[in-house]
Amino acid sequence: MKNALYVLVQLFVILLLAPLVNGIIKKIKAFSQKRRGAPVLQMYFDLWKLFRKQAVVSETSSWIFKAAPYIVFSTAIIAALLVPVSTLLTPNAFFGDVILLVSLFALGRFFMTLAALDTGGTFGGMGSSREVMISSLIEPSLLVSVFTIGLISKSTTILAMMNTTKNITFPLAQPAFIMVFLALFTIIIAETSRIPVDDPETHLELTMVHEAMILEYSGRHLALIELGAVVKQLVFITLLVNIFIPHDQLIALAGVSGLLLSLLIYVVKVILIAVLMAIAEISTVKLRLFSVPNLAALSFILAFLGFLQYFVLWR
Amino acid sequence: MDNFLDALSVLILFSSFVLVANKRAKSYIKTFRMQSALIALATGIMGIESFFADGHIDILIVCVLIIALKVIYIPNLLNKTLANVEYKVEKDFFYNIPLLIFICCSITAFCYTCILTIHGINTDVLNMQVVNSIALILIGLFFMISRKKIIGQMVGFLVIENGLFVAAIFSTHGMPFIVDLGIFIDLITAIMIMGIMAFKINEKFDSIDINKLKNLRG
Amino acid sequence: MEFLLPAIPAMTALLFILLRGKRLLHTISIISSILLAVVGCFITKDIISLGIIESSVLGGLFYIDSLSIITLDVVIVIALITSIYTIGYLEEELKHGKITLERLKVYYILMYTFIFTIVLALTAKNMGIMWIAIEATTLASAFLVGFYNDKHSIEAAWKYVIICSIGIAIALLGIILMHLSSAGVIESSHLLEWKTLYNNAQALNSPTLRLAFIFILIGFGTKAGLAPLHTWLPDAHSQAPSPISALLSGVLLNTAIYGIIRAVAIVNKNLGSNTFTGGLLIGFGLLSILTAALFILTQKDYKRMLAYSSIEHMGIITLAIGFFTPLSVFGGLLHMINHSFTKSMLFLSSGNILQKYNTKEISKIKGLLKVLPVTGVVFLLGLFAIAGTPPFSVFASEYSIIASIFEKSSFILGAVFILLLAIVFAGIALTMFRIFYGSNASKDVTPGETNKAGVAAILVLLVIIMVSGLYLPTQIKDLIENAQKIIIGG
C-alpha cells in the first residue's frame, strides 16, 4: 500500500514539475535578453501538440530508431523512482542505489547515441561522438561526488544519504559538502546540455551536441525524448536539492498535511535551483568543444577536493 | 563558524585551480581578484569574531588592507602593466590545461599525505586549513613555472603570498600586527618593482616571453 | 645608542633624495659610513662588556648579542671601505659617460637603503621583522643589480628578484610554522622573538619545528646561494657594479646564513641532537661546494668565477655549522668574517680591472701586472687567499673546520671536503695562469691606477686578511667564542 502510494506521488510530482523547470529557465533567459519570451507553461502545450502529431520514421533506420525514445523515457521514469521527492513518504524497501541511477542514465544515453547513428545522417554521427566524449569526461567527477556522499552516509542508497544530511546543521557549510554541491551543479549543467557545455536552443551544426542527436525525431517520439530529458534534469535537481538542502527535519506536522508541506517546500527549492541554473547559463558563453575537458577537469577537482576533505575531517 | 571557515579555505584552494585553468592573462588577474575577495571575507569574519571577543581591531584593519591592496590596487596595477606590455595574444602555457589541473591535484594530494602523516603533529594548530594553505602555496609555485609570460610569474608570486597569509591567519589568527604590516609593504614594493622590470624587459627584449631570457648561462 | 645603527643609513638615504651635486653626495656618503663605523665600535665595546643589548622599539627591534655584532661589524667595515672605493669608481664611470649624474644619485640612494635593510635584519629581535628586512634587501638591491640597464643586467636582475622573492616566501612559511610550533607555549607579547623561542625551545612542538626548519633552510638558503638554489647568484653578482658585488657577496650572503644559524640554534636545542639539521646542512654544503668546483673549472668571466667562489665558501660555512661541534662552529663563524673581507677585496679589485679593460672575459685580460701594478698584485694575492693558501685568513678558518671534522673521526666527510677544496684550488689556479702569464697588453689600455683612494681601501683589506691569518686579537676571539656558545648552548 505504502509502496503504491509512493510510486504514484513520486511519478505525479516529477512528471508534472519537470516541464515547468524548463519553462522557468527559458523565461529567465528571455528576461535577461529583454524579451518577453514564451509563457512558463509553454512546454506542456508543446508536448501535448507533439503527442498528437504523426511520427515520421526514415526507411533506412532499424528498430533502434523506434525503440530509443521509449527506452530513454522509461529509464528516466525508473530513475525518478529512485530519488524520493520527500523523505516523509518512502517505500518499505529500496531496491536500487546511486550506482543504478547513474547506469540507468547511461543506458538511456547509449541508446540515444546509437539511434542518432542509425539514420545515417552526418548530424547524428557528429552529435553522438560529441555527446559520448562529453559524458565520458564528466563520468569520473560524477562517480567521485556520489561516492563521497555515500562514504559520508555509509550507504549508497539515496534515501540513506538524504537521511544522513538531515542530521547535520546547515550541510552547505561543511567543506566536503560544498565542494560536492558545486561539482554536482557543474555535472547537472553538463548532463542536461546547458550552456557552457552545449546550447539547448541552437540550430548551428558547429554548436550542436544534444540537438544533433534528436534532429531526426518527430511526433510522439520527439515528445517522449523531450519529456525524458526534462525528467532527467529534474531527477538530478532533486538529488542535489534534497541531499544538500534538507528541509524535512523542520516539519513538525505529521500525516498528509506534513507531506503536503514537504512537497510545497520541495517545489520552492527546485524553483530556486532552476533560477540558479538560469543565472549560470546567462552569465557564461558556450565553450569551444575542446575546452570542455577543462570544465570537466575543474568539476573533477571539485569532487576530489570534497573527497579529500571528507577523508581528513570525517574519519 | 569553524566549519564555515573550513569551507572558505577549501573554496580558496579551489579558486587556485580555477587560476591554473585560465588561459588568458586578463582572466587570471580576475580570478586573483576573486581569490583575494574570498580571503578578505574570511579575514573579515575572523576580525568581527575577535572584535566581539576581545575588542582587538588588528584583524579588521588587516581585512581592510587586503581589500584596498589585493582586491583593488594590485589587480589594477597588473592590468595597467599588461596593457602596456602585451600586444600579442599567444599561447601562454606549456602543457594543456587538463594535464596542469591534474598535476595540481596530485600536488594537493601529496601535500595532504605528507603533512597529515607526520607522527605527533599538533592537529589543533596544524589543521586542515593550514594544509589547504600549504597546498595553495605549492600550486602558486607551480603556476609560476607553467606560464611563459612575465605577468604569469607576477600573479604566481602573489598567489604564494596569498597562501602564506591564509596559513598565518587561519592557524593563529595572524602574525603580530607589525609583522603583517611589514609583509604588506614588502608585497606592494615587490609587485611595483616587478612591474617596472616587466617594462624594461619588454623594452630590451621586445617581448614578455621568459624563454627569451637565456643569455646568461654556465 | 643602538637605534642609531639603522637610523644613520636611513637618514643618509633620505638626505640623498633631497640633495644634489656630486661632491656633496660623495662627502655625505663618506661621513655617514664613518659615523656608522664609530657607532659600531661603541656598540661592540658595549657588547664585549655587557654581553647582550636588548630594547623594545616598535615591538620588534634591537636585540644584539655576540653573533649579531660579529656579522654587523663585518657589514660596517665593508660598507666603509666600499663607500671610499665607490667615489673613485663612480667618478671614472661618469668620466667615460657610462652613467649620468641622475643615475649616480639613484645609486647612492639605493646603496644606503640596502645597507639600512641589512642593519635592520641583523638587529631585529623578532624573527618576523628579520624576515621583512631580508626581503627588503632583495627589493633594495634589485635595481642595483640591473643598474646598467642592458640586456644582461636586466635578465640578471629579473632572475634575482623572482628567485629570491620565492625563496624568501618559502622562508616565511617556515617562520609561520615556527610560530605555530610555539602556540600555547609563549605568551603573546613575546611571539616570534628569538631569545624567548630559544629559552623555551624544548617545549616547542617537535614535528612542526622540523617542518619549519626545512622551509627556513630552503628559503634562506636560496638567499645565501646554496646549491641547487644558487642559479641567481652568478648572474646577479657578475652583472652588478663592482662595489655592489662586493656588498652582495661580502655582506648579504652572511645575513642569509645568519638567519639560518638562528633557526638551527632553536631546532637543535629542541631536538637535543644535531642529526636532523646536520644531515641537511652538510648535504647542502657539500652540494654547493661540488657545484661551485665544477663550474669554476670552466669559467670564462672572472666576475662569474668570483661569484661561484662565493657559493663554494657559503657551502663551507653551512657544512661547518651543520657539523655542530664547538670547534667547527667557531671555524664557520671565523670563515664568515674572513670570506667577507677576502671576497670584497677581490670584487673591488676586479672593478678596477673592469674599468681599465672594459671586458669581463678572462682571455682578454693581458699583462695585468704592468698595466695595473697595485691592483694586479692585490688580485693575485686575493686569488691565492680565496683558494685557501696560507698565510691568509681563509686558510686558517678552513683549517679549523677540517680539524674539527677529523677530530670527530668523520674521515670520509673530511676526505671528500679536502678533495672538493683541491678541485676548487685547481680551477682558480687555472684562471690565475690565464690572467697573469699571458702576452703583453695591447696599446689601447693606458697603464696606471685611476682610483687611488679605492686602491688604498683595498690595500687596507689586504692587510687585514694577511694579519688575521696569523694573529687574532683576543677580544675578537672572545666575541666569536661567545657567539659560538650562544649557538651551541653553552
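Some points to look at:
All chains are identified by letter, namely A, B and C, in their written order; residue positions are counted from 1 within each chain.
In this section, contacts are C-beta pairs under 8 Å (C-beta built on N, C-alpha and C of every residue); 3 or more make two chains touch, one makes a residue touch a chain.
As the structure is a prediction and not an experimental result, all values here were calculated from the model.
Common neighbours of subunit B and subunit C under the contact rule above are absent. With centres computed as the average of Cα coordinates, no chain lies farther from subunit B than A.
For this structure, the chains sharing the highest number of C-beta contacts are B-C. With centres computed from Cα atoms alone, the innermost chain of the structure is B.
Spacing of subunit B relative to subunit C, judged by their CA centroids, is 31 angstrom. Look at where the CA atoms of subunit A average out and do the same for subunit B: the two points lie 36 Å apart. Subunit A and subunit C, compared by their mean Cα positions, are separated by 65 Å. Residue ranges on subunit B touching subunit A, taken from their complex, read 3-4, 6-7, 9-11, 13-14, 17-18, 21, 97-98, 101-102, 104-105, 108-109, 112, 116, 128, 131.
Chain contact summary for the complex, subunit B toward subunit C: residues 115, 118-122, 124-126, 130, 134, 137, 141, 144, 150, 153, 157, 160-161, 164, 167-168, 171-172, 175-176, 178-179, 182-183, 185-186, 189-190, 193-194, 197, 200-201, 204-205, 213, 215-216, 218.
Partner subunit B is touched in their complex by these residues of subunit A: 172-175, 178-179, 182, 293-294, 296-298, 300-302, 304-305, 308-309, 312-313. Taken in their complex, subunit C has these residues touching subunit B: 58-60, 126, 128-129, 131-132, 135-136, 139, 142-143, 146, 149-152, 154-159, 161-162, 165-166, 169-170, 172-173, 176-177, 179-181, 183-184, 188, 191-192, 205-208, 211, 234-235, 239, 295, 298-299, 304.
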